[in-house]
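Both of the next two complexes hold chain A, though its partner changes from chain B to chain C.
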Partner chain A sequence: MDGNQGGLTGDAFAARALLPGGLWLLAFFAVPLAIVVALSFGTTDDLGGAIYGWYPENYSRVFDPLFLPVLARSVGYALATVALCLALGYPVAYYIARFGGRRKNVLVALVVLPFVVNYLVRTYAWVALLADEGLVNGVLGTSVRFLNTPYAVIGGLVYGYLAFMILPVYAALDRMDPALIEAGKDLYGSSWRTFVHVTWPTTFQGVLAGSVLVFLPAVGDFVSAQLLGGPGTYMVGNLIQQQFFGAEDWPFGSALTTVLMLFLLGWMVLYLRSAARAVRT
Partner chain B sequence: MRALRAYTILFFTISFAPIAVVVVFSFNTQRSLQRFTGVSLEWYRQFFESESLRGSLFASLEIALATTIVATTLGTLLAFGLVRARARWTPGLNVLMLVPLVTPEIVAGVSALLLFTQVGLRLSLLTVVLAHITFSISYVTVVVRARLAALNQEVEQAAMDLGATRGQTLRLVVLPELWPAVLAAALLVFALSFDDFVLSFFTTGESPQPLPVRIWSAIRFGVTPTINAIGTLMLVVSVVSVALAVALPRLLGRRESGVGVLLAREAA
Partner chain C sequence: MGNDDTPKQPAKAKVVPAKPDGDLVYFNWSEYLNPKLFKQFEKRYGVKVRQSNFDSMQGMMAKLRSGNRYDVIFPTAEWAIRLRAAGALLRFDPGQLKHMDTVYDYFAKPWYDPTADHTVPYAMYATGLIYRTDKIQPTGSFNDLGMPEAKGRSYMLDDFQEVIGAGNLVNGAELNSTDPADVEKAKEWALGIKPNLRGFSTDDIQNMVNGNGWVHHGWNGDVVNLRYQVKDPENYSFQKCSEGIPLGSDCFAIPANAEHPGTALTFINFMLEPENAAKNINYMGYPMPYKGPDETFAELVKDDPAINVTVEDLQSGQQFEDLGRDGRRLWDQTWTEIKAG
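Now for the complex of A and B:
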């Protein structure tokens, strides 16, 4: 092949440029994941130190009646978070895409801005607002118990990850030809039926992308459950964190991490196949 | 449409309210989080007078700076290689580059912790930096690659036909076109690293600890105005670096930075 075809493309230098980053990711990302899987079959010595071996019991413990509710709760909370993000975020994305006009970019920036603020600080802000002696109870003169409830934890997750839903949905709505909606109105009459038959199917891939982007971090989150909830609302992230800080059962923590990883990987594959199908049709 | 507009206004109000509360109460004279009694800088004074909190602030800034330098270099090279190399393992490397972006933070934290303890590396600021670099490279690569893919390769070819060496072509033709995206990616990585809690939490040593880890420990002892002050300071650092990431490339280079790719605007 002509080495100079298309400038630096196919150049030996370009191939060498792959090396540092590629080796780094191999050593610091791929290898550690393999260590997690390896240690998930390990056990602990008398002092709590981790040793490798073949102890698949770690995995039966993951599905023990003691821990199964925590896994189910994590998935339940994450699904509720996705549903709420969609319900709360879709109208905002719709308003910006259709009626944002010249201020579209400003409005998108306003969506992103709260998410630039540290997630811990944002969650802490809700603690300050909702605590028994917090601002909301102070202003209303009430003593309502907001914290330590599933609602507070799910609310924290929604507030934490809402932008991940709004942005892809907005992108899908923005790409959509407004003439489609006009045609839909001529065809179906009501706005609602136009939405159901035209807008929703057209933007469905954006909704799907947003759902994955919200679900992934939500299901592994431990900050919201720790700060806004209590032991009764702990999620798998809290369980994993406890194994490494406190309980010192690293092999069990690794098994939990592996299960979480495989579970999410499964969903990613399903999503990518659906997205690939959508591109083909 | 009027209802939709009212809803959007309400939505923005609620999403900014908690942040406004943190900022406003960081200037409160009293400890109270219920009543605003007057403006003071007491909590900022307390923050800057605490040697250990100052140490944490500088630790966070050092971590972010080191992460930015290494991750931007590696990520840019990787982007260049992925777009321009015709190696057999390019597709595999592409997947390896994308997976960190969708890996939940807790999985990333656990795997980094295990790596460092298994090779016998003592947990310190260095381990935090190593972990941060690993999960920042992909952001740089994605942003820079978007810009690189849009470059006209015929210009490079023309330069080389006119006798420019590979190095000259890179330096005089490719880099000037690319640097707004590189700068934007660097500022984003700085903001992400400065803000990161989960990875830092799993990989930090005893002292000094990064600022978000200190906030975490402080919150568990209860809500205090000092946390409001730290939160406000962190907010300023993040907002400034992200704003620069979007604005600087446009002001100086008058070109798209490529950050849009992260906002899903250019996603398929």
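Now for the complex of A and C:
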């Protein structure tokens, strides 16, 4: 804090206003994060309890070639999820922003509504719906095996994170001046070319933001693979969860978590750079 | 290893009497105790039962380690050994339990609690395979999990001990072998079966009831329970496998930091009453090693003796044991390799 006496300047006021949020982040984000990092160098006692120490071999286990396919699978599923969320979410956002009219806020609220229900509960609902003798197969009169496939896992991820794509894209579309589209049409004529040359580039930062917001949690997700997946859909989130609740190996789980966070941080930095460039131009 | 007779925790100077001293904080597997008995207990003793559940022994340990306080927990034998050795269990006076005399003599000085003053036996279980006999023809081998006709309809238990243990038995090794060569072979066996699997799951009841599974690595008592839930119970059968029968037992125990040990002892005594034990067996479908109530279980499975577990089975079969710290670590890491591989 600065040593300002008397009336608060704008900066000092802002600094103080940030204090509660800053303390919150420190206590519930920075401190636990530091514990995870510290634990990642630890080991376990006889009861499986984690103890601090210096055991860097946790990290050499992380880079065991065995786990590479697991990470590749997680990234693959997450990228597929981003692509599907974009394909499904962009038209929805476009419709709400351009044609929502007075109902815009209601429509946005409807997009957010499923998120009132916990992700885990919603995924359990899918288990019941998609079972071999579940509701979907019953209504369709089919016996398709939906569950325990990669498709079910990706479907669950899309369902779980779709709103994270719709909202930023909607915000970008809503900010966009509709006159730009009219101008585009005046100049080119076709709706498609207007979209490609005007709307898409204008809203690209929103798409990028949505993609990052979907990608990051999807890579680390374990719920979808655990409930909807099969033995061949093991993701890095499952691997980490297994260390904490299955293998009594919190130190190795922490090392995996730390490496995953650094990996995701790399993507985040790339995104922030791109966003910063977009602001400058 | 924690098999010695001298746990770190000293004997309590003061004997805890089996008298209610507050609400019962209860921690167990879900659906593993007849809920009607909670009501009865609450009514008779004027205390509440505060329930919570775990879905694995590791999950139970994680909660205990992080300082949660419970009055009564239900560890399996090999986990009771670890808890007892670490001084995490209350040493009580068995004289406070007036129905202890119904417990089988075999459990008078159990291998996991030679002084018989940290635990009370709860139930016995056997691991084998659960089949849909209208869909596939069982051969009674763990390799049935890899049957081509059950491709995508086969489940292995999501439990490191059960999977590596089964692999050891298939390969002719001891159930609890921690010899790296044996464990490696068990891993190869599991990885060989894996492409045939629909999943790793401990939810054998639901996976069979909803038709997703035709063969399921599972526990004997769950067949009793799942037969209550299907229209054609005669199509569901449990078989012990020819390679060997992994056996286990679990027990009541009171954590050393329990707030209401008196209520916990009262509850254990209540559960030991033959009438209540019988009610419990009927609900959960697992044999309890008590004279009298065991007849209830025999009646329950009289058409299908394969579901039963007897003391003779325990004596002759292979029981899960505590693997020791290094052995457990090897099994844990191997299990991770099976799941990720």
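In the analysis below, the second predicted complex is superposed on the first by the 241 of 281 C-alpha atoms of A that agree within 3 Å, B and C clash if a C-alpha of one lies under 4 Å from a C-alpha of the other, contacts with A are read in each partner's own complex, and residues count from 1 in each chain.
Convention: a contact is a pair of C-beta atoms (placed from the backbone, for glycine too) under 8 Å apart; a residue touches a chain by one contact, two chains touch by 3 or more.
Computed from a predicted model, the values in this text were never measured in an experiment.
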| item | value |
| --- | --- |
| First (chain B), second (chain C), both or neither touched by A:Leu66 | second |
| First (chain B), second (chain C), both or neither touched by A:Val196 | neither |
| Touched partner set for A:Leu270, first chain B, second chain C, both or neither | neither |
| Chain B versus chain C as contact partner of A:Ala183, first or second or both or neither | neither |
| Which of chain B and chain C A:Ala15 touches, first, second, both or neither | first |
| When both partners are placed on the shared chain, which of chain B and chain C touches more of chain A | B |
| Contacts of A:Leu167 with chain B and chain C, given as first, second, both or neither | first |
| Partner chain in contact with A:Glu133 - chain B first, chain C second, else both or neither | both |
| Touched partner set for A:Gly237, first chain B, second chain C, both or neither | first |
| First (chain B), second (chain C), both or neither touched by A:Asp249 | second |
| Contact residues common to both interfaces of chain A (with chain B and with chain C) | 131, 133-134, 244 |
| Touching residues (chain side chain A, partner chain C) in the complex | 46-49, 66-67, 69-70, 131-134, 145, 147-148, 229-232, 234, 238-239, 242-249 |
| Chain C residues within the chain A interface of the complex | 2, 56, 58-59, 61-62, 65, 82-83, 85-86, 88, 152, 156, 160, 194-195, 197-200, 210-212, 325, 328-329, 332-333, 335-337, 339-341 |
| Touching residues on chain B, where the partner in the complex is chain A | 1, 4-5, 7-8, 11-12, 15-19, 21-22, 25, 33-35, 73-75, 77-78, 80-87, 90, 93, 96-97, 99-100, 102-107, 110-115, 118, 130-131, 133-135, 137, 141, 153-157, 159-161, 166, 169-170, 173-174, 191, 195, 197-198, 202, 212, 215-216, 219-220, 223, 227-228, 230-231, 234-235, 238-239, 242, 263-265, 267-268 |
| Touching residues on chain A, where the partner in the complex is chain B | 4-11, 13-22, 24-26, 28-33, 35-36, 39, 88, 91-92, 94-96, 99, 108, 110, 112-114, 116-122, 124-129, 131, 133-135, 137-139, 159, 162, 167-168, 171, 174, 209, 216-217, 219-223, 226-227, 237, 240-241, 244, 250, 253-254, 257, 260-261, 264, 268, 275, 279 |
